[in-house]
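Encoded as structure tokens, here's the structure I'll be asking about.
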Amino acid sequence: SQLALAQSQPWHEVGREATPAEIKAWDIDVRPDFKGLPKGEGSVALGEKVWEAQCASCHGSFGESNEVFTPIVGGTTKADIERGRVKNLEPGNTFPQRTTLMKVATVSTLWDYINRAMPWNAPKTLKTEEVYGVLAYILHLGDIVPADFTLSDQNIAEVQKRMPNRNGMVFHEPLWKASGKGDAKNVACMKDCPTEAQVRSSLPDFARDAHGNIQEQNRVVGPVRGADTTKPPPK
Amino acid sequence: MGAGAVAAGHASRALASEGEGDPAILKMPEHTRGLGRPVAENPYGQPSKWEANLQRRQSPGLTRVPQASVSFTPLQGLFGMITPSGLHFERHHQGWWDIDPSQHRLMVHGLVKRSRVFTMDDLMRLPSVSRIHFIECGANSAPEWGNVALPTVQYTHGMVSCSEFTGVRLSTLLEMCGVDKKLGKFVLAEGADGSSMTRTIDMERAMEDCIVAWAMNGEMLRPENGYPLRLVVPGIQGVSWVKYLRRLEVGDQKWASKDEAVHYIDLMPDGTHRQYTGIQECKSVITTPSGGQMLLDKGYYNVSGLAWSGRGSIKRVDVSVDGGRNWRTARLEGPVLDKALTRFNIDWVWDGQPAILQSRAIDSTGYVQPKINQLRAVRGTRSIYHQNAIQSWKVAENGEVSNVQVY
Amino acid sequence: MGAGAVAAGHASRALASEGEGDPAILKMPEHTRGLGRPVAENPYGQPSKWEANLQRRQSPGLTRVPQASVSFTPLQGLFGMITPSGLHFERHHQGWWDIDPSQHRLMVHGLVKRSRVFTMDDLMRLPSVSRIHFIECGANSAPEWGNVALPTVQYTHGMVSCSEFTGVRLSTLLEMCGVDKKLGKFVLAEGADGSSMTRTIDMERAMEDCIVAWAMNGEMLRPENGYPLRLVVPGIQGVSWVKYLRRLEVGDQKWASKDEAVHYIDLMPDGTHRQYTGIQECKSVITTPSGGQMLLDKGYYNVSGLAWSGRGSIKRVDVSVDGGRNWRTARLEGPVLDKALTRFNIDWVWDGQPAILQSRAIDSTGYVQPKINQLRAVRGTRSIYHQNAIQSWKVAENGEVSNVQVY
Amino acid sequence: SQLALAQSQPWHEVGREATPAEIKAWDIDVRPDFKGLPKGEGSVALGEKVWEAQCASCHGSFGESNEVFTPIVGGTTKADIERGRVKNLEPGNTFPQRTTLMKVATVSTLWDYINRAMPWNAPKTLKTEEVYGVLAYILHLGDIVPADFTLSDQNIAEVQKRMPNRNGMVFHEPLWKASGKGDAKNVACMKDCPTEAQVRSSLPDFARDAHGNIQEQNRVVGPVRGADTTKPPPK
């Protein structure tokens, strides 16, 4: 009862009820099951306009730019869309980037993120139809939807079924739960432990002062000094 | 990089006296013969000007824009377990803000009996706890899954910090709101900044040791670390410690937010990604001596480093000076706390020969920090996150220490 | 006082929504709609501008010159056990300096087999320890031996701080020098500044837990706190924690230095002075709510404060809200460490009636923090130092808290 | 042995031997038994010159100034010098200050301190004879030595026997040793404890904003605010 609560948790009444308008204003997240997705729609054509005006300067006209962030589009194929797994993520493939469309399994993620955080310098300024549209445009750049497509709350679940990497995610519980066990195994050997003799990798010469002169990143007293990395490395 | 660096080569070391003695002793310095500066000249104090070399720094080329970037903690020059707040690493996705706390709100809603709004006044009235915990970015040490890439421990490990946090337990808030303990399996935490970072927390953990914190190391959070409110998720990667926390929603499913579905996912050798891998597993690193440093001399050194585990406390740290063939157990500096950095120290006499230094931590679950090849055997080299391998530092004959991989 | 104060009356509190809801929620703030500031904008970070009210301050009239004076820590706004180094209290006798560490030396001599000189390079090579300890000025709370004199806890108790210190154990240094354990009963510690502060440490304590420290809260000591070297004497009044430490002499007698023979001596009712009274006995104080603060409302409060003892750790803290008639035991925030501040918290529902809040600490020796009249019964009102009485805060009907004495 | 040390304490050789000249340069302390006191002497007359030139600006011509510090001289009597206890420290006396000469038991303390720390803005600049002299002058101001006195390492032990408060110090070991017991006793009563009903002392009205407006010394959010102490206190 309230009385019992007031005694055992006398702080129970601190704060106040949220109003429906307040919850509506802030409850913007969209989940993989599309809970939270507002009704609406937007065409690839509308999306292209939004993209060119508000996104392309950072992400490139075809979502391919590497300037401010890894490319959004690229690296996926029709076969990937069929299978729901991106071949370029598999071993042996040499596609140079891991683009957003190669990785993302859930279309909701993109809707949610564009809506909450893009454009990067003016987040939360897009209208709902603009979010639908620009997402449609991105999906179209990835050949997931056709050029005349209009994305909406009605058909988004269908689009989900064409996400190139929709089957690419594994939930590995041991790294989610504190009680889980690690997958890599070492033993606490103390004496004459098995090791390879040689150094397998060393700092490349070009990396020696790529972070500036390390001498100037260490204290002027103490048991050590920073090495003067403007000079060549020791033999 | 901002503040001017102080240049001083190791040649400046004043070890021995000449003739009568050391001029630094025989000639009285100004500060022994004069009147110093007044109290409260700095109402908020600063480090010595001689410490200017130790600062947060970016890693050139790592990111493309400085508002979606990282600055690293200079672990090579730090001591003990507490990270000075001025040197706490930064990771922003859409820049940082100095938010007016009187206008900040926290909303709790979703699968709760009563949705609630809290002002900072409200929150800071609630029963509070203070706990010392580490926070580590999931991408700490990421560039070295494959080969050695970075010169110093600031860049290899400098996305970890440890502070005392004060706030209200998340469980207290959820209970106040009448959380649905049957259906409510997850909590979404959301920030108030442009990125409005969203992360899924599982209910078990939410009820256990998460804190909705306003203070860090005795004062309010710094703006770069989420002033005025941040979620503390002990043991879990930093991205879940949502800054500028404004909303908590209780739900029955995970959210697959951008930073749970496009980043902070671990690419496995078979091309699948592990999703929701939050735990920062047991890890350690020697900070003195470490990459880019010069030993001044042969002889005795106190080898010092840090160890931590997202699954509990540090049970033991072993140190090798021969690249992992033989190990000795280091001293742990107390208090050894749950999900907190633990400072270790061990004696070493350097004979002037090349040496390879490693540390290996064991946590309270018995887990032994792996070698990089053991990690790779399971996860390959492309999984970016949760790289907790043993770090090797090579000491050359001239005393210079450099980053290597040996296993 | 330096930084500009931030003005905000309690009228500005935004508690409830009007109509549709709170504009702070319905109207999106700039920081939710824009791009924030870059990483490493502050290579060494600062507190939020909204925190400017919390700063070190002098107590007007307490001293006559600001280089032989005190600045007080704003305990009324701090959290947990760690004191932010920027707000660590200051006590200088001849001003503070920012000493070039490469020119600093430590000499150990006297009743030792070999007198030795150490550079900072030498010292920082030695086996180090890291320990969390409080430091309290012997004159903390001094103005209130007789009557209430000060408005806030910053001035009544703000000469106490708690930090993690790193350095070499004093015993390690003394053993290296071959200390004469038979004749050497005392150690003189001397600073390098103009005052060249000298204090006698007894050998038993010197060998037990003293530290020759260079670091505080993870970074080097701040100049105001003795950069680059300070003696840490756990449990003993701050004046013995000699700053700018340059010399340690082992001897067979106490030194009766100025601050052992003219100050830091306790005048007793019979006109004698107690000399060499170093211990900071068990003490506690409620910091929230405390003098000069206003409760915003009736209802629940988390009453929070600090407790410490120079003889050991805190065993228990009790809190009274009726001027000492009835007491309840508070929660202690861990880790509860030897000679360290311990944060306590306790629930309180304010019914809007006048109330008198007190805290009473008990340490691991069983000693119970005394009332001011119990202290006076033994020591009178003129002994200046070591005032560790129970502090009373009166809450008036309008919510204003003020400093009173009740026993 | 050295070898055993090198193994058990391998840091044993860090640092180096101090030279005699170095020890001499820094070992300036003077103890109550006058260990450390350099040979030398200085007259009251010399001391008066030094005092007027280098001390009086801060401490007053007769050591009586309250400007930068409590007075050095005053409050002691011939009878105190006889007895070695200062009457004005005893209960019932109303002498307004506790001067240095009223408190200090050991003349070595003054020699040591003047030599190490005075003049405040130029410490360690006095010659040995100036320290003797200026101390002689201070002692003369306190009627401890006559006007024609010359203080020296030879006669300082005699002067010690005239220090007005030489018998005024008590060594209270329980507050020196961590293992000691406190002198004040309280009990941890929990219920219906004996207390006086009324408030025995409150903040005087003039002290309310003597430290500035407390409102500006508290956070702008939280469970409390700073009280506006420019306004009168509550009833």
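Letters are used for the chains, namely A, B, C and D, taken in the order the chains are written, and counting of residues starts over at 1 for each.
Please note the rule applied: a contact is a pair of C-beta atoms (placed from the backbone, for glycine too) under 8 Å apart; a residue touches a chain by one contact, two chains touch by 3 or more.
Only a predicted model underlies this, so the values are computations on that prediction, with no experimental measurement involved.
Visitor: If you tally the C-beta contacts for B-D and for C-D, which one comes out higher?
Guide: Answer to which pair has more contacts is C-D.
Visitor: Please compute the C-alpha centroid of chain A, do the same for chain D, then give the distance between them in whole Å.
Guide: 65
Visitor: Centre to centre, by mean C-alpha position, how many angstrom separate chain B and chain D?
Guide: Roughly 45 Å separates the two chain centres.
Visitor: What is the distance, in whole Å, between the centres of chain A and chain B, each centre taken as the mean of its C-alpha atoms?
Guide: 21
Visitor: Hunt down the residues of chain D that sit against at least two other chains at once, touch-wise.
Guide: 11, 14, 16, 18, 22, 26, 120, 123-124, 219-223
Visitor: So which bits of chain B are touching at least two other chains?
Guide: If we look for residues of chain B contacting two or more partner chains, we find 1, 8, 12-13, 15, 17, 22, 25, 32-35, 50-51, 54, 57, 65, 77, 94, 101-102, 107, 117, 119, 121-122, 125-127, 194, 196, 220, 228, 296, 299-302, 347.
Visitor: On the basis of the stated criterion, which chains touch which? Give every pair.
Guide: All chain pairs meeting the touch criterion are A-B, A-C, B-C, B-D, C-D.
Visitor: Can you list the residues on chain D that touch chain C in the complex?
Guide: Residues 9, 11-12, 14-18, 22-23, 26-29, 31-33, 35, 66-69, 85-87, 89-91, 98, 100, 103-106, 108-110, 112-113, 116-117, 120, 123-124, 168-172, 174-193, 195-196, 198-204, 207-212, 214-229, 233-235.
Visitor: Going by the contact rule at the top, pick out the chain B residues touching chain C in the complex.
Guide: Going through chain B, the ones touching chain C are 1-3, 8, 12-15, 17, 22, 24-25, 29, 31-51, 54-58, 65-67, 69-71, 77-88, 90-92, 94-105, 107, 117, 119, 121-122, 125-132, 163-166, 192-194, 196, 214-215, 217-224, 227-228, 244, 296, 299-302, 304, 333-335, 337, 343, 345, 347.
Visitor: Which residues, counting only chain B, touch chain D once they are in their complex?
Guide: 15-17, 20-22, 25-26, 28, 32-35, 101-102, 119-121, 124-125, 220, 228, 299-300, 302, 347, 349
Visitor: Under the stated contact criterion, what part of chain A meets chain C in this complex?
Guide: 10-11, 13-14, 16, 18-19, 21-22, 25-26, 120-125, 219-223
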